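Data first, discussion second: the structure below is written as structure tokens.
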Amino acid sequence: GGLTEQVAHAIMKACVTKAYEIGQPVVVTIVDDGGNLKSMMRMDGAIKGSIDISKNKAYTAAFFHTATEELGKLSVPGKDLYGIEITNRGQVVTFPGGMPIVMNGRIAGGLGISGGSTEEDKAICLAGIEIVEDRGEA
Amino acid sequence: GGLTEQVAHAIMKACVTKAYEIGQPVVVTIVDDGGNLKSMMRMDGAIKGSIDISKNKAYTAAFFHTATEELGKLSVPGKDLYGIEITNRGQVVTFPGGMPIVMNGRIAGGLGISGGSTEEDKAICLAGIEIVEDRGEA
Amino acid sequence: GGLTEQVAHAIMKACVTKAYEIGQPVVVTIVDDGGNLKSMMRMDGAIKGSIDISKNKAYTAAFFHTATEELGKLSVPGKDLYGIEITNRGQVVTFPGGMPIVMNGRIAGGLGISGGSTEEDKAICLAGIEIVEDRGEA
Amino acid sequence: GGLTEQVAHAIMKACVTKAYEIGQPVVVTIVDDGGNLKSMMRMDGAIKGSIDISKNKAYTAAFFHTATEELGKLSVPGKDLYGIEITNRGQVVTFPGGMPIVMNGRIAGGLGISGGSTEEDKAICLAGIEIVEDRGEA
């Protein structure tokens, strides 16, 4: 169980495959439920600015048990969590591309994708998350 | 090839010349494509707060392959990259004055100018970028 | 050319294979010549304290063009670089487990291994570096 | 008066000339008496690990009004300043290559050189400091 090397490899492979499919190089980062790095890959051609963003999306999803996109809806001016991106030492991201990794009903970590448009990042992230669900572990 | 001392000197000279021409002292920073400092100069009279801003503009342009101004358009509330200025350990700047240095069709680094109004910083930055283009290396 | 996904995968695989062979889980980190993350994997059972050490060993090897072990020999009290481990924002490591990745005679990045004894880390690091040499790219 | 652009340029030129003369590329950093960057240049071929070291040597010389080498003699185990390299947020360097810039009898800043052996760094640093003395401003 849990976010093993094997699971991390499977998620990584699904994300990279999807990224090649849509022709958008990205950075893929997987963290455990403690927000600590498990695995990362910067694909050839992905911008370097995406290294931190990808990691922070993964961290945000793991630490808040939610997709970064959902957090984003609550953090615009006038909403409850306005300004949350400043907390947690600048590690919170509020735009799409980060999703929690849930296994056997419990939070196991976070997956963060950065490098493409927010729609592309989200699609690649979903491809990785579906792997866990397909294994009957979501 | 690449962002050599010679190229950095030429960019620096063009920026400083333009800054004298418009009478606005600034900080000029040049980083390579890995975001590492290549050259910097704080002109006499430039405010010290511009040291970090200039460096971060150069970093942002190099790491995101875009002018800081363009990134700024996508980071206002309601846009896709709202909050991006928080993500990279406080090193992302989203207002004018930073531009990527492109040589032979590839990203070679970033140029950041800070000290004047955003219009002045942008004009000085352009003067430096044009040098690379004039050399037929853009 | 350069430190591509393909090369990073080959180095990673060689390191993980060697780590399994000697029965010591470790963290493997690969950075490019600018010190920016290319790929990392924390094997099951590797201690979390090794995440930063592994990254910093890779950074040190890439930024100083030398094995961390060699830098260590020069940084003991009375030697020329005593205190160097403090200089680069705490990112310099001076004990074994980090080696530069050299391709076509130029520095292409750094490889850092942490998790086992220094002898084990060094052996796993060598296994990764040899892959690059076997490709005729060292 | 003071550490103007003109003086910084003259120091920089003397250091780079000396570095070419002895065939050792280095990073040259000049800070003012407040420890804030005035000018820096990373020569082609200088290792990137020298960026921070060069800056920290300049900072150390400016803030402690002494050559980094002298501070080093007092910071070995058993001496009065043992451990000083840990203070000041990791910005203190205790090996040769940093010297204070003194003008008209007052501390005006610091010059830091890194990239060669400690003897080479020291020789290049001296070449820069002599420029200020030759101007009758030391």
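Should a chain be cited, it is by its letter among A, B, C and D, assigned in written order, with residues numbered from 1 in that chain.
The definition used in the following text is that contacts are C-beta pairs under 8 Å (C-beta built on N, C-alpha and C of every residue); 3 or more make two chains touch, one makes a residue touch a chain.
Just so it is clear, the model here is predicted, and its values are computed rather than measured.
Trainee: Could you work out how far the Cα centre of chain A sits from that of chain C, in whole Å?
Mentor: Here chain A and chain C have centroids separated by 26 Å.
Trainee: Where the centres are mean C-alpha positions, what is the separation of chain B from chain C, in Å?
Mentor: Roughly 32 Å, centre to centre.
Trainee: Starting from the mean Cα coordinates of chain A and chain D, work out the distance between those two points in Å.
Mentor: About 44 Å separates the centre of chain A from that of chain D.
Trainee: Multi-chain contacts in chain D: which residues touch at least two other chains?
Mentor: In chain D, 48 touch at least two other chains.
Trainee: Drawing the touching chains as a network, do you get a line, a ring, a star, a complete graph or other?
Mentor: other
Trainee: Go through the chains and record each pair that touches.
Mentor: Taking the chains two at a time, the touching pairs are A-B, A-C, B-C, B-D, C-D.
Trainee: Write out the stretch or stretches of chain B touching chain D in their complex.
Mentor: It comes out as residues 4-5, 8, 34, 36-44, 48, 51.
Trainee: Within the complex, which stretch of chain C touches chain B?
Mentor: Chain C reaches chain B through residues 32-36.
Trainee: Given the complex with chain D, which residues does chain C contribute to the contact?
Mentor: 33-35, 60, 62-65, 77-78, 80-84, 86-90, 92
Trainee: Taking the complex as given, what residues does chain A use to touch chain B?
Mentor: Spelled out, the residues of chain A in touch with chain B are 47-49, 52-53, 56, 72, 75-77, 85-86, 90, 92-96, 117-118.
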